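Same chain, two partners: chain A is paired with chain B first, then with chain C.
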Partner chain A sequence: MAEMVKDIVGRCEALFEDLHFDAVKQWKAAVPGRKAIGYMPVYVPREIVHAAGMLPVGIFGGGDQMEVIQGDAYYQSYICRIPRSTLELGLTGRLDCLDGMLFPSICDVIRNLSGMWQILFKDKYVRYVDVPQNYLDSVGGEFYIHEMQVLRDDLGKLAGKPVTDDALRASIAVYNENRRAVQDLYAYRAQKPWQAPTSEVYLVIRAGMVLPPEEHTKLVRDYIAAAELENRPKRDNARVVLTGSFCEQPPLGLIKSIEMSGCYVVDDDFGLVMRWLLDEVPATGDPLLELSKAFLHRSNQQASKYDEKKEDKGKLLVHSVKFYGAEGVIFAAPSFCDPALLERPMLQDVLAKQKIPYTAFKYAENTGQMAPIREQAGTFADSIKLWSAA
Partner chain B sequence: MITTIGIDIGSGAVKTVLFRQDGDKVEWLAKRVERIRQRSPMELARWTYDEVLEEVKLRPEDIQYTATTGEGENVTFATGHFYSMTTHARGGVYLCPEAKAVVDVGALNGRAIFIDERGKVLASKMTSQCASGSGQFLENIARYLGVAIEEIGPLSQTSKDPEKPSSICAVLAETDVINMVSRGIATPDILKGIHLSMASRLAKLLKVTGIKTGTVLLTGGLALDTGLLAALQEELVNEKITGIQAVSHPDSICAGAIGAALWGAFRHEKLRQLEQRAAA
Partner chain C sequence: MSTPIQMMPSQPSKKPAPKVQKEDAMWLQKEMINANYHELATAHERGKKVSATFVPGNLNELVMCFDFARSLPETNALQNGMRKKSGKMIMDAERDGQSEDVCTYVKADLGMMLGGEIGPTGEKLPTPDLLLLSYTGCFTFMKWFELVRQKYNCETVMLHTPYQGDGKISQSMRDYVVKQLKESVIPTLERVSGVKFDIDRLRQYMKESARAEDDLVKVLQSAKNRPSPIDGYFGAVYYIGPMFTAFRGTPEATQYYDVLRKEIDARVRDKKGPITPEGELTEEKYRLVVEGPPNWTSFRDFWKMFADEGAVVVASTYAKVGGVYDLGFRHDPDHPLESLAEYCLGCYTNMNFPQRIDMICRYIEEYEADGLLINSIKSCNSFSAGQLLMLREVEKRTGKPAAFIESDLVDPRYFSAANIKNRLESYFQMIKQKRSVAGAAVAAH
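For the complex of A and B:
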């Protein structure tokens, strides 16, 4: 019998709330010797971890259910919350099930966190995953292939056997499937946002941070099928793109508040690792070269990624608004998130030139007071519905 | 011809209205105001919806747009939801076309909204989380004093020597009131003092929105409190905003629901035009 939405979402919610990562422990326990590697937002080439026979585990902070005590000792008060709560997860032993951690290039704070991790957790594999800021294959591409090769060699050593090209190609194919499923989910939500609310879609995406990709792909497909069977009323809501939440994630209550206030979120940048590469990575040929080409030429555009040309700034955001039929943009960024908040005025300028309405606010992953956000999102939705020229 | 229903779920009452609009002709056909009194607001929304339909002998399929406002986001049979500020602005213009601003005083918050002639919000300011600017606070005090809600306004207006609470904090103000009672302060003076304290906050909110002259309509659950209205006029003078006339309307409590119904009609027409444009 087909699973119901509430069963699927219930399972995803349980995975989302489990800050002890029991799903990872169970995966490891199923076959002795299995290893799991954590990674932080925004993007790491998970194909390499998967090809090494390991489970890539997305570590997206502690959310709003965890009190940060020890983590606060490591960062100043003007630093965002995700590094503190991630440290809290580590220092309280919740990440002991991980055999390593990858810290992608997001900002200085996360780069520093990778250094702290090396000092604090000497028995774990730790790597700062740098990305190119030059998009020529012969320059940035070479650099990125080298970065990935180091990771591949390291994980091969950790696994006790080299990561072969064939294994990498097979993993690329697995993640292509996963990406297709996630893209289909986003397309479905944009088409029928009342059937697949973002508060559910987000949980389905977050489940992919702890499940093996093959299992997650099935979960996503099951959710789309189950959501289609639901009889949910369509509301006269404003269609919005939500942007700025690519690293520290908003609390689930905030997403629900935005939807309750009269908005249908038709695109967002939550859990962007799953949609970072925009299309298929060829599963033939040199796997690292193909991953590199995908990053350089066919990857997402967002504040932590260098824009080579000024005129390209905001191009993908505007495309997203048009492609998904959005009527406005909500900038929702974590407090003290330098990349998102420094990028915001430039993106707002682009939107203003395109006459796309927008509003902006800040949050932290443990924000509890939703009334001001509801008020802001609600009045924004009203202004779109009543006063926009469209 | 467009028939719409507006449902305003407040903290103290559910207000539901039914409107019919034909071009510029707007008819208000039915209304229900139900105090919540520990009942389910969602069930009351449904019940009042059925009641207004019954009153005009219409069926749900005859309604083109059912709009909620206030805490009505989760009403499952609604077409859409509008934020309270938007609906009180529109409802205010309907009830008082010359209004330049609306002051919505509900059970939990007070809010000043500066509007244009279409009911578009130009600026607004709301009380903070502190409850002392709210109807719930006044209701609590009235209960302590053994005064019925409908007696509050007339009693307040008989005050000769109003005694303002020393704090704007509802918790401390309630303690203050207990002290006033033990000191033998007359009930009208206590009520007038509270009205002045609340009105002072509302006048400051109005000042921030930038309005300097014209008519201000009081809406929400406290709109018919004549004592508060008189106190607001006094406090506007104290704030040196002398060009403003504060007024109320017998249906001020329904302003949110009225606004929701009217915006629902507006939105229905806009969606129809968008569909026509898309088809072309």
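For the complex of A and C:
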């Protein structure tokens, strides 16, 4: 019998709320010697971790349910919340199940956190994952391949056996499947946002941060099938793209508030690691070369990535608005998030030229007051509807 | 060798202008900076192209090979900060859509653009013909030039410097930077300037750089003397100015550092303390290492808080933000591009956290400092994120007390003189107490 939406979403919510990462512990316990490697937003080539026989685990901060005590002692008030809650997770032993942590190149705060982790967790593998801002295969590509090779060698040592090309190709195929499923989920939500609300889609995506990709792919497929069987009312909501939430995540309540205020979120940048590469990575040939080409030429556009030309700025956002039939854009960025907040005026400029309406607010992962956001998003939705009617 | 001179007030005031003392080299440096602003202001009418680039990882020798006039937006922002002009610029940028949370250097620069691009000296600065985005040690640089490009629509070329995440510079990192220089940066500089690249010209500039770098290191390391003849933070701002900006590689810079070194050598011989804006510091009571950039909007008041207490900064990490010459790096004319790569990769904020902590601990030992003071800057995550761990680690490893104050680069709203003064006074008390406890322990044995 097919699973019901509430069962699937219930499972995802339990995974989301479990800040002790029991799913990871269970996965490790199932086969002695298994290892898990954490990674932070936005993107790491998870295929390499998977090919080493390890579980890649997305660490997206502590959310709004965890009290941050020790983590706060390491940061000034003007630093965003995700590094402090991530440290809290580490310092309270919740991340002991991880054998290593990867810190992607996204901003100076996460960059510095990689060094802090080296100092505070000396027994763990720690790597800063640099990615090229030069997109020539012979320049940025070669550098990136070397970076990936170092990671591959390190994880091979940790695993006790080298990571072979065949294993990498197999992992690329696994993640291609996962990417396809996630793309299908996003396409389905855009088509029928009343059937697949973002508060559910988000949880389904977040489940992929702790589940093996094969299992997550099945879960995504099951969710789409189950959602289609639901009989949910279609509302006259405004269709919006939500952007700026690619690192520190908003509380689930905030996503629900946006929806309750009269918005259908038809695209977002939550859990972007799953949609960073825009299409299939060839599972034949040189695997690192293919991963590099995908990163350089067919990857997402986001604030931590350099836009080579002025005219490229906001291209993907505008495409997303048009492709998903959105009527406006909500800029939802974490407080003190340099990449998102510096990017925002440029994107707003692009949207203004395209006559795409937008609104903007900031949040923290533990934001508790939803009324102002609900009011702002509601007013935005109303104004869109009024303009449309005009 | 120092002359009391009337400081020009930046804004009309009925109060008499305060007297300020500076070393001769400081005045020379000020002349150089003002001359460069004039060069910039008149560049286009003289048929010269204008480049803009950032301080850490700046490729001044290379850019000079293409006859560019050279602008450094951080320097513009800090000069505007020191002249009390940045507050309005920041608020203008915020009114124009910039977040209150982000870097105030960026907002001061954007605010200056909104105000008609009037530079710190009052002359109108030109629109750059090229933005050389040297992405070294600071993520915000990338967004900054994207924002400027959005406004000016000028050509931008990226030089991505990978971060020393493992605490070392690998061959792959060097190769990556050199390839970018060869395949992206130099061809763009040639195209925009219309000047063909001449590697021998680059070598010549680099020879000048290396000579000046030798002198700069001698000056900075003179602070190992007791008393220190320099202040390695506030005073060092003047000493690093030409080296970190548009002058490295020029004969003028070499001459400046020659003058400066001789001046400092004489101070060492005469056992003199540093020149502060209030005069020579005659009694050195505390020797400190400082981490983090200074506040620019109240620079003089900030310095005075130290000088009044007899506190001298003997070494600072900020003085290494444009190159870690004291760790041995020199521009190498025999390997020009590789050397430029090494320079970019080695800048202080491109070093990982364990490296930065090692450096501070070493400074405390080598300069016989009483402790570490961190000036945590709201605007600058590259410096600031994680500094509280730095404080703990340094205390743990050196046994020396550390203290923490907060301010901002160029936003006057984030400089609370009373708070900072209180904290400094408490810190100096703590050092004194530690000394007396240590002294009592020695006496007891």
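Going forward, the second predicted complex is superposed on the first by the 387 of 390 C-alpha atoms of A that agree within 3 Å, B and C clash if a C-alpha of one lies under 4 Å from a C-alpha of the other, contacts with A are read in each partner's own complex, and residues count from 1 in each chain.
Methods note: contacts are C-beta pairs under 8 Å (C-beta built on N, C-alpha and C of every residue); 3 or more make two chains touch, one makes a residue touch a chain.
What you are looking at is a predicted structure, and each value in this text was computed from that prediction instead of being measured.
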Following the overlay on chain A, give me a clash-or-fit verdict for chain B and chain C.
fit
Classify the contacts of A:Leu317 with the two partner chains as first (chain B alone), second (chain C alone), both, or neither.
neither
So if I put the vertex at the Cα centre of chain A, how wide is the angle out to the Cα centres of chain B and chain C? Nearest 10 degrees is fine.
100
Quick one: is A:Ala364 in contact with chain B, with chain C, with both, or with neither? Answer first, second, both or neither.
neither
Looking at A:Asp382, would you say it contacts chain B, chain C, both, or neither? Reply first, second, both or neither.
first
In the overlay, answer first, second, both or neither for which of chain B and chain C A:Asp338 touches.
second
Residues of chain A touched, compared between chain B and chain C (which is higher):
C
Touching partner for A:Ser261 - first (chain B), second (chain C), both, neither:
first
Thinking of the overlay built on chain A, is A:Val139 touched by chain B (first), by chain C (second), by both, or by neither?
second
After the superposition on A, what does A:Pro233 contact: first (chain B), second (chain C), both or neither?
first
If we overlay the two complexes on their shared chain A, which of chain B and chain C does A:Tyr75 touch? Say first, second, both or neither.
second
Just to confirm the value: shortest Cα separation between chain B and chain C in the superposed three-chain model, in whole Å.
18
In their complex, what parts of chain A are in touch with chain B?
233, 235-237, 260-262, 371, 375, 378-379, 381-382, 385-387, 390
For the chain C and chain A complex, residues of the former touching the latter
96-99, 101-103, 106, 133, 135, 138-140, 142-144, 146-147, 149-150, 153, 156, 158, 160, 162-163, 165-166, 170, 172-173, 175-176, 179-180, 183-184, 352-357, 376, 378, 381-382, 384-389, 393, 406
Footprint of chain A on chain B - complex, ascending:
65, 73-74, 76-83, 85-86, 120-121, 126, 129, 263, 266-267, 270-271, 274
Residue numbers on chain A that touch chain C, as the complex places them
73-76, 78-79, 83, 103, 105-109, 111-116, 118-120, 127-130, 132-134, 136, 138-140, 142-143, 146-147, 303-304, 306-308, 310, 313, 335-339, 341-346, 348-349, 362
